[in-house]
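Presented sequentially are two complexes of chain A, the first with chain B as partner and the second with chain C.
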Partner chain A sequence: MSKFQPITFFTRAPVSQPAQYELLPFRFTALDGARYVATNLAGEYTLIAREPLQRLVSKQLRAEEPLYVDLRAKHFLADEHSRMAPDLLAIKVRTRHEQLANWTGLHIFVLTLRCEHACPYCQVSRQSQSKGAFDMSDEHADKAVNLVLQSPNPSVKIEFQGGESFLNFELMKRVVLTAKAANSKLARPKDLTFIAATNLAVITNAMLDFCVEHEIGISTSLDGPCELHNKNRPRPGGDSYERTIAGIAQARLRLGRRSVSALMTTTEASLPQARDIVDEYLAHDFSGIFMRPLSPYGFALKTKFYRAYTVERWLKFYDEALDYIIDLNRQGVEFREYYASTLLTKMLTCRDPGYVDLMSPAGIGLGAVVYNYDGAVYASDEARMLAEMKDTTFKLGTVDDSFHTLFTNETFLQALDESFAYSAPMCNDCAFEPWCGSDPVFHWGQHRDMVGRKPESEFCQRNMHIFRGLIHRMEADPFVRRLFIRWANTC
Partner chain B sequence: MKESLILEFDAVAYPLSTIQKACYRFTNIASFEIQRLKRPHGDIILVTARPLAAKSEDGLEHLGKLVRNEALDQCLREQIREETEGVRNLVLAHAFSRTGLIAPDGAAPAA
Partner chain C sequence: MLKLRGKVETLNLTASQPRLVHVTRNASLPGALRERTALLLKGPDLQKLKAEFVASLRSTKPFAALLLCGSDEKLISLEDVGHDVCDVYLLPSDYAYLNEGDIVRLNPAGQSIAALFRKHAPNNSILLTERCNHLCLMCSQPPKDIADSWLMDDAFELIRMIPQGTQNIGFTGGEPTTYGDRFVELVEAAKLSLPGTAVDVLTNGRSFKNEAYAAKLGRVKHPDLQLGIPLYSDDPVRHDYVVQSKGAFDETLQGILNLKRHGVRIEIRVVVHQQTLPRLVQTCEFITRNLLFVDHVALMGLEITGFTRANLDILWVDPHDYRDSLSEAVEVLRAYGMHCSVYNHQLCLVNRDVEAVYRKSISDWKNEYLPQCDGCARKSECGGFFSTQVTYRHSKNIQPFLKSGVA
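The block that comes next holds the complex of A and B.
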């Protein structure tokens, strides 16, 4: 067999003759007045104007057109020179969904609801520090550990949450030691990691010693500059900021810089301070920031915090922060916005970073599962927040149930089935669907419907704006494209 | 101030589902009633749009243009969907073949 294609392979159809080709599945959505974003099944995108789009679908494109070559390379069409296209496309789709076969990797333990902070936007009710009734019991914790290790996923992360997780440090120690001992006895021990979500206000040297010994990462909250942070996160003494900053320094010293991360939450008071918030993260040597809106659950709703600003106002805040971060990079300061990085990984690579809100089938149960302080098991962190509002729709069962019973729960399977974005109204036409998610808990909270009404969905509005914004920025500026490719490949 | 807008589509050129999908996209702006009617020169699809909040005549006119353009987009999407259905199913079947989510006909999915 010759190494080379015969000469006839290179014979093109005469100029002005439409090429012979088949369409491969793709979707398109308007980007602006003139252009559409088109994505193939694997989420690779191209921009196309209406006229060539019409010609593409009606098989009028000519083989020598640059657009034709581009569309063939990106698997929007196949011709006699690209017979492998469906197979290659399938491999890309398979890579994107490879985590599905592994099942749940993130297991959240709500060690206690107790917290000494009184954040008005907190999603779970604040409880007095002394109320043991809001702590997880040893028995429940042991049963939860047993469930965790039954997950087929070879990599399992246990995340400790609260309240303030370190207020129940004794149970944290028990879970870590029990899980490690049980894991070591498995025929195939899992890659087991731990992370503690904490406000760092009550952390002690003994706690840090334990974190060092067992490589427990720290995820804390930093809402912005001192005045904003202390306003958002009141505690006795009004010194949340001071304690957080001191805790970050201490934890980094002991655990290393990369083991300490921080999250911000946007309140109405944050909105005029986008740049100051970014500067605060820079000042404390973080390599990026995750710009997060408030979630429509729990206290945030009860105190009307959630409705204090519209999705449009939050998007303006987000855009200001993102443009500022891009400018910082232009000046040589390496810093990133993590939500954009997550989206860009989905947009520009075949990998799926597994962010629970942006998964389809939905990330609930599949991407994360929550063992609540009272032994109840929920399909996601948001699901247990909903339960604090007396809505237990997404309760899978309790730690007394078997792994099989929990994950074949009818409500859970129904939520996965109904919310599958691939077949949801409007999502099934949307070019952004391969990058997006279905978030049935959010839509249930908003519309009492797991699919939600997409034209009114804030989730949809927020993500579509960000997708379009990222594409506009990339297409308009080669520097931004290079920057975004870097973010996408190191997410 | 007009309270409703009537749009007429040729039922041969526009499958009913494309008009339904086009209208659904604007349900945050208006409510829609869709009827398929027989006419001597051929069937038509009649859409009555009633804005959820009061709209000027120009605003209503603009909504009509958006629905018409969306209906055209939906026709293209329908064409792509029909032509690529076979290969789409093939690609997805291949992609999910190792997950246990796709079982042979009559068999239970892998445990």
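The block that comes next holds the complex of A and C.
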């Protein structure tokens, strides 16, 4: 007789009878008519049909079923063969949240609200030029720098916002120089980086010289082809597109390709042009695009731009762009959609990309903090947009306050607590929760409620549609699955 | 295949205890070094063995032994001369690879020799024990429950003798951690004697389920140590079955987690065969999701020796038939940014997309090629076969690359 035992010896369970197992925490949500998406505690997913799902939860699965083996290996259930699931799940959950302990990494300085563009969808309620009242003061800037360097995070990024940030270039220089000087005096200097959000229309060679010297990255706006862009983003002379394209070329030449990124915003006029918008990014040598809907703040609400299209219409636009981008990749053109990449990182890895709107606990304050032109401190960019609409709910305080006072603001802590998706009503039993986030500012703005009414939430509608869409696409096509795994790991 | 150990004829033995000695071909080696050195005469050197040479050997400080290596006829012709010298070992031409700087173990009582260290070999594995708590279906070194701690004594001595500058050594078994703390001491000794030498250990990792033990190994702070630990499936039952030991999966995983907690580098090794292939891709996905922090993953072909020969029917799969699964597994690992390698495969049996992680991995002493490989344009890039694969089983789909580089 052989000294080797067959595999059935190690299975230990009688064949054709339900296995003895415990369910580990998992959630499920319908994907389509026949299948459910199930996610475990760490956000690993599996698709499962209705009938085996019922057998799974009623403990009728048999040990010899391949599905049983898959579910055990993916930590949806546990039995006497392995007691490792809790340890491994704990490591994965901890990895996902490890950035939290570092506290705020992104610090946004609104250098001025002035802007020479007059975009009707402006979400930050820009002001016309030459109004000193809308510039941040030196004193406020110095105090803000002091706050930035108190963050426990070993790497901090200072982002310059506006208005048009380069309209207050003198202050930008001051912030960069004082921050660098103060940082170098810290016992443990931080990894300190800078980025400027700009429309590139007013940037000069001297400004670029400064960006080169201090490695300041550029984040600009490009809405699509010339006509669309100029329609969306009017300025005196009607030459926003020309100036942006020239600025991108110039900035790349000086700073390097990777230091220049662009964002698009969807208006009603964009909707029929999904492919043209992607093509515009391709033509200008970008390696991807972030398909971004309008947010319900500032002029976007006032001018009714925000309500000009429904979530469903935007999702149709998004799907068209995403499918086009996948086809490009199929032809060998490497190009990605950044929102999908962000979601896929959450879906297919244990890392959290730290995208503020998709964090739970919410990313406000923890993921980013905003020092406004007037010295007020807000929990997020959206929070200050809301403030320009006279709602200062998410104001943490002012730059005169101490770091501790700002970050123990009661409303802020309450917002984090209430909106925590793991325990929020309807989020707590949604399979997409491990990948999603809570956006208390959005829901407060829409529903006057930090948690929001999920069945009516456009945030849920949008993200759930995209989650389902990504799963559908990768489950139907091995090429897409491989592509998505690559996107997930380079985000 | 090189013959590394075996029985040999001896003459005029004076020593009775086994000992490790350096090999030299320099008959005028300073006397101070001769006590720990055997003089090797092979090929044309044997012509030197005239009366005058023997007389000079007898009149100077003796070598630990005289190794005479040549054809059987040649050795017979030398026996007379040999009678005048002490501690002579007559080595058949199998041992002609022995050379300056090598280290051999001479066992007078057992009339045997073993090549423990070959200076110019790319890798030298040191067997620490044949005892093991696994009984892997494809074990190439079937475990024996014997008292073989002399192997460990030899290992300590060997690492004192191996020259500085040696690139790497391996500790293998059996299960090296069978020795408990003494294994950790060996790693420490390796660090002290050979600080510039990488050490690769093959272990099933189970002993490190005890975190204190993992911590102890971590505290050695060996500058270049890596533990190769097998994980054969994401399915605990399948892993336990392949290693024939209940509970192995959990203990190995705990071991890996504890070792990484204490800063020890880890390579996960997956041998691809009929029993691991069905979940190869899932196993790699499991590694990326749960063990992303390990340092390297090796996907390995099957060596046809030991238990593998007994279990060949339930193990053998032609690598040609699983090439797409191998590609998929590698793609998963690489997409997640893991360092990985494909070992023990023939170049013409893997898809092009695997070539970036393809390694020539088969130890030189058991590495061969097929006759049809002679015409292959890429033979120099190919790892070839285990000698046992050539003898017992290899793919029916070996296809030499034509000069254009197309199979």
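Here is the rule we use: the second predicted complex is superposed on the first by the 480 of 491 C-alpha atoms of A that agree within 3 Å, B and C clash if a C-alpha of one lies under 4 Å from a C-alpha of the other, contacts with A are read in each partner's own complex, and residues count from 1 in each chain.
In this text, a contact is a pair of C-beta atoms (placed from the backbone, for glycine too) under 8 Å apart; a residue touches a chain by one contact, two chains touch by 3 or more.
Since we're looking at a predicted model, the values are computed, not measured.
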item	value
Partner chain(s) touched by A:Asp87 [first = chain B, second = chain C, both, neither]	both
Partner chain(s) touched by A:Ala476 [first = chain B, second = chain C, both, neither]	neither
Contacts of A:Arg72 with chain B and chain C, given as first, second, both or neither	second
Which of chain B and chain C A:Asp429 touches, first, second, both or neither	first
Contacts of A:Ala133 with chain B and chain C, given as first, second, both or neither	neither
Which of chain B and chain C A:Arg453 touches, first, second, both or neither	first
First, second, both or neither for A:Ala181, with chain B first and chain C second	neither
On chain A, the residue positions that both chain B and chain C contact, one per complex	87, 91
Parts of chain B lying in touch with chain A, wherever the complex brings them together	21, 24-29, 73-74, 76-77, 79-81, 83-84, 87-88, 90-92, 94-101
Residue numbers on chain A that touch chain C, as the complex places them	3-7, 9-11, 42, 44, 63, 69-70, 72-73, 81-84, 87-88, 91-92, 349-350, 482, 485-486, 488-489
For the chain A and chain B complex, residues of the former touching the latter	22-28, 30, 41, 53-54, 57, 86-87, 89-91, 93-94, 97, 100-101, 425-426, 429, 453, 455-456
In the complex, chain C residues that touch chain A	135, 137, 234-238, 240-241, 244, 246, 249-250, 253-254, 257, 275, 279, 282, 286, 288-290, 292, 307, 311, 331-332, 335-337
